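Please go over the structures that come below.
Shared between the two complexes below is chain A, which pairs with chain B and chain C, respectively.
Now for the complex of A and B:
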């Protein structure tokens, strides 16, 4: 690395980190977000307010209801006698209501078909689906208990979950969030700081300095590549130390993946800065790229489940390759094919993006 | 100087701001383009019902029952059996070429025919929870279908239940996400745009200039914020149109009530944006702070996707301080349930208090910063 460039990068880094608030945001924000993802958000649905409605003295139904409340997923939602279950759900005092058959559960079961009714507030479709699945299990278990242990189904599944046996949300979210955070920070910050220089006119000063185009570009972007990598390392360390997310694959693979992503995103940020005329435009342009990139990456929603056209578009999303890579490396220990296929694609994107950014950058300089 | 608040002066500031936005069509296009993109994505691309899960089948029986068992999986529409490579199904999971694997024992058909009990091993890729949880939910249904078709008789179910999903009977993912998008759009545009625009005035020093004129701070604030409020409401209106016309999301409640909820939340968001700009006075920092305190809570802690009730106790209380949580409750209540003001008293009251609080805080900080 030549001396001019080294000094340039150093100056840019100092400038980016000079402000205490900026430092706090650069390194504090990822930790806050990671904590929110790791602690607050869970794909498991809990604390469902359930109200039960039955005739007097329906002991068997009472036992079914107890099965719900002792499962740990449901909370008791009280109601006045004679209240309408629909009304209860409409007012939000209950999320679900279980209603016994009019004749009493035990008696109608003897007659063949003790059919209870479950009303579920489906304003949240995923939650509603979970409530129904819980109810199915609880009622089946309770029925088995009532009619003797009839655990003799002719065909059963023995289910094993690999890589994340407890199905902890943090294991699933943290690697993805890492990609998202690095993307956010690098793209928007790079785009905004370069645009800021343009806006303030300091860019002209740099251009008139005895530096080559490549030196200016590298001097301006390398600091953000370094910052992005530092953030990536910080998030992995925090995930490992705070949430116990394993790093089963070798670290160099992780580093290589992060480098390829950061080079791509910083290049995209640079590209946006050559188009944007002010910082607001740079920020909005960044979001215009980030939102689809995050939604199509598979961090929260499986890509395979999307319409064909979106899947096709997802192949242009660097974050998708990165999320595949990082989950494979961290949770599965790294698979050779997955590693090289995705790293190859990501690397290619990095080269393309960097080339494009350089071309645009040179045009705006001259 | 006459009076504390002169509408005409505020209006002139607002007009200048509108011209400013108008002169920058790129920003305008992006600001209105983002809602379009979000609606399209959540409307078309994201479906919570996971389908076509690639299932690696290791069939060591190859008998007729095993074949039918496999068909039950593919007929469900949720699974797509794929050929297992020479390295075996677990290698398929390792490389991500399959998301689940099914192992059929060598004597599966014989046992089924003889009326014996069989256990099929089912292995799931747990590195993607959203998929794994959905697959687990499908298994009981597959088991019932298999029992009925393979073992001959459906198990006698003395006790059963029938589910009725209220407000969204088909569990349509769009009905669930699209009404929540208004919160994201307001959280994104109102907070970030105002934080940055006002921070820019400080950064350029033009705020000082503006303050030395006879225009009062309150008028400046109102004039600067009103156009952005209108822009954000335009975005929300657009989402409303698309969700009604394109996605057929019902609107069960009162439009007036919905507008009131939007206005309250917009006030809170604009005040928050202003507060951020006064504190930071620099666009980059304003943007970062706006993202952490505005966009992130709207997307993650509001109940948009992850229900607030499922969060740990601390977060259930903490989210009470966040306007988006209340707005989300009000918006879904009005749009899907047709709730009236009485039923939404708590969210509305909370929104009103938080909006007033934010506005007061922003005003106070703005004013104290004017003292020389």
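Now for the complex of A and C:
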């Protein structure tokens, strides 16, 4: 290795690893965040508080209500007799209320309209949709039990869920969150480290030393590429150990994808540092990139659901390609078509970002 | 060792609407200890950074000479060391780690490095603080470490921007002893300072005020010509805003 590069790598790593807070930020925080996100960012809606309002002696309605509670999605929300269901939802003591018809469910069903009322709190639209879907399934199952099963349909599904048979949302989310964490850490660290040198005046010393621009730039970025790759490996290991997220594809694919992402993000961090005057600005600049990049990456919301203009912007988001890549590698075993298309796009971005960062970097030096 | 000298001609530098230097011409003759004297805001740092090639002049020029013959900045650059005015060391790295880092920046081989770092630690009397982090050094020791990093490559041209600013009188005197030692090696040293008493320690002085050159030459000759007993008086006589 070039001696100058070695000097920088040694210096940056010494500085980064010496500080306890930096160590915690680089290696502790990703694991904690991965765990929290993996557990908390569940797309399954559970623990819905359901209040049931039934007339006296309505046995059939009671069985429907039991169907709800035994499904595992709903919790019992108690209420005083004669309380207004709207009041219950407004005060947040219930997320949904199931109300029996005044005449009793069995009788109203005989009259040809077995209608119960379901009030759903839709301040969280995702949750409300989930409640509605659960309720339909439960009612259908209950109707089949009451009036005899009708399993004689001519057309039926035989569903097999591939790659994530238990449909655990952590399988889907954890790889995405890994990409997000690596992206966050590399951008912030690179941008901060370069602006810190500018702030402290040490940058002037380095620039006045007989080094070429490329040597200074490589010296300040290569250490963060190495740290970023180390973090990627750490997060993959943590995902496997904590959530059992498998790595079904070959490791070289994972390595290439991580390298392409880290080169891109470190270049973006460098670019931010050429614009920012101090570390606060670098931090804010980093987040200005990170928030849209994370939201448009498809980690939490499918890109396909977004408006056309946002989809167009998402195609400029390096994290989107990485998330596709890593899900493909970890869950599907690394289909080559998905691999080369996305790796190509991400690699192109890495080159562009690095070129742009180098150009800006040279301009600010002179 | 090559014999470098520098001459500035009608040097001007504007930062937006602010004019930092307004037509400054002086000679930095080879092998001497030059003082760039002036109060805060006189244009010392701007001049230093122009000399170090970190800024480009708005007008005028900085001309470099090697052995009396015009030379390109690129020829001089490997032999030039510049110590900026602001704190320019890494507070979280130790004295030894700084030397290691700069050794590799200047691409010194192991033998040269070993000899030179031992010599520098000796003359700066920092040898017993090798493992101490820069952030925990006193003001004087910190400046000495900065000087050591600049001297590690044995420069032929040494530019020191306010090296004694904010340093206690005893450490200042020690620092000047160090500079005398270096001056004896006949390298071109340029020191900027706002301390008027330090002007008399230089072999040549260049007095700056508000971006203009007030006087230039051998200290006693400059004082005599202005009819002043010392440099403070001289600055006041010349109507400088000291």
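The working rule: the second predicted complex is superposed on the first by the 362 of 366 C-alpha atoms of A that agree within 3 Å, B and C clash if a C-alpha of one lies under 4 Å from a C-alpha of the other, contacts with A are read in each partner's own complex, and residues count from 1 in each chain.
In the analysis below, contacts are C-beta pairs under 8 Å (C-beta built on N, C-alpha and C of every residue); 3 or more make two chains touch, one makes a residue touch a chain.
Nothing here was measured: the structure is a model prediction, and the numbers come from that model.
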{"item": "Touching partner for A:15 - first (chain B), second (chain C), both, neither", "value": "second"}
{"item": "Partner chain(s) touched by A:363 [first = chain B, second = chain C, both, neither]", "value": "neither"}
{"item": "First, second, both or neither for A:210, with chain B first and chain C second", "value": "second"}
{"item": "Contacts of A:136 with chain B and chain C, given as first, second, both or neither", "value": "first"}
{"item": "Touched partner set for A:6, first chain B, second chain C, both or neither", "value": "second"}
{"item": "More chain A residues in contact [chain B versus chain C]", "value": "B"}
{"item": "Chain B/chain C common contact set on chain A", "value": "19"}
{"item": "Of all residues in chain A, those that touch chain B in their complex", "value": "19, 21-22, 25-26, 29, 32-33, 36-37, 39-49, 64, 86, 89-92, 95, 98, 105, 109, 112-130, 132-133, 135-137, 139-140, 142-143, 146-147, 152-165, 167-169, 171-173, 184, 188-189, 192-193, 196, 276-281, 283-285, 287-288, 291-292, 295-296, 298, 300-302, 304-307, 310, 324, 327-328, 331-332, 335, 337-338"}
{"item": "In the complex, chain C residues that touch chain A", "value": "52-54, 56, 77-78, 80-93, 97, 100-107, 149"}
{"item": "List of chain B residues in touch with chain A within their complex", "value": "24, 26-27, 30-31, 33-34, 37-38, 41, 44-54, 90, 93-96, 99, 112, 115-133, 136-137, 139-140, 142-143, 146-147, 150-151, 155, 157-169, 171-173, 175-176, 188, 192-193, 196-197, 200, 280, 282-285, 287-289, 291-292, 296, 300-301, 303, 305-307, 309-312, 315, 329, 332-333, 336-337, 339, 343"}
{"item": "Touch list for chain A against partner chain C, complex", "value": "3-4, 6-7, 10-11, 14-15, 18-19, 200-202, 204-211, 366"}
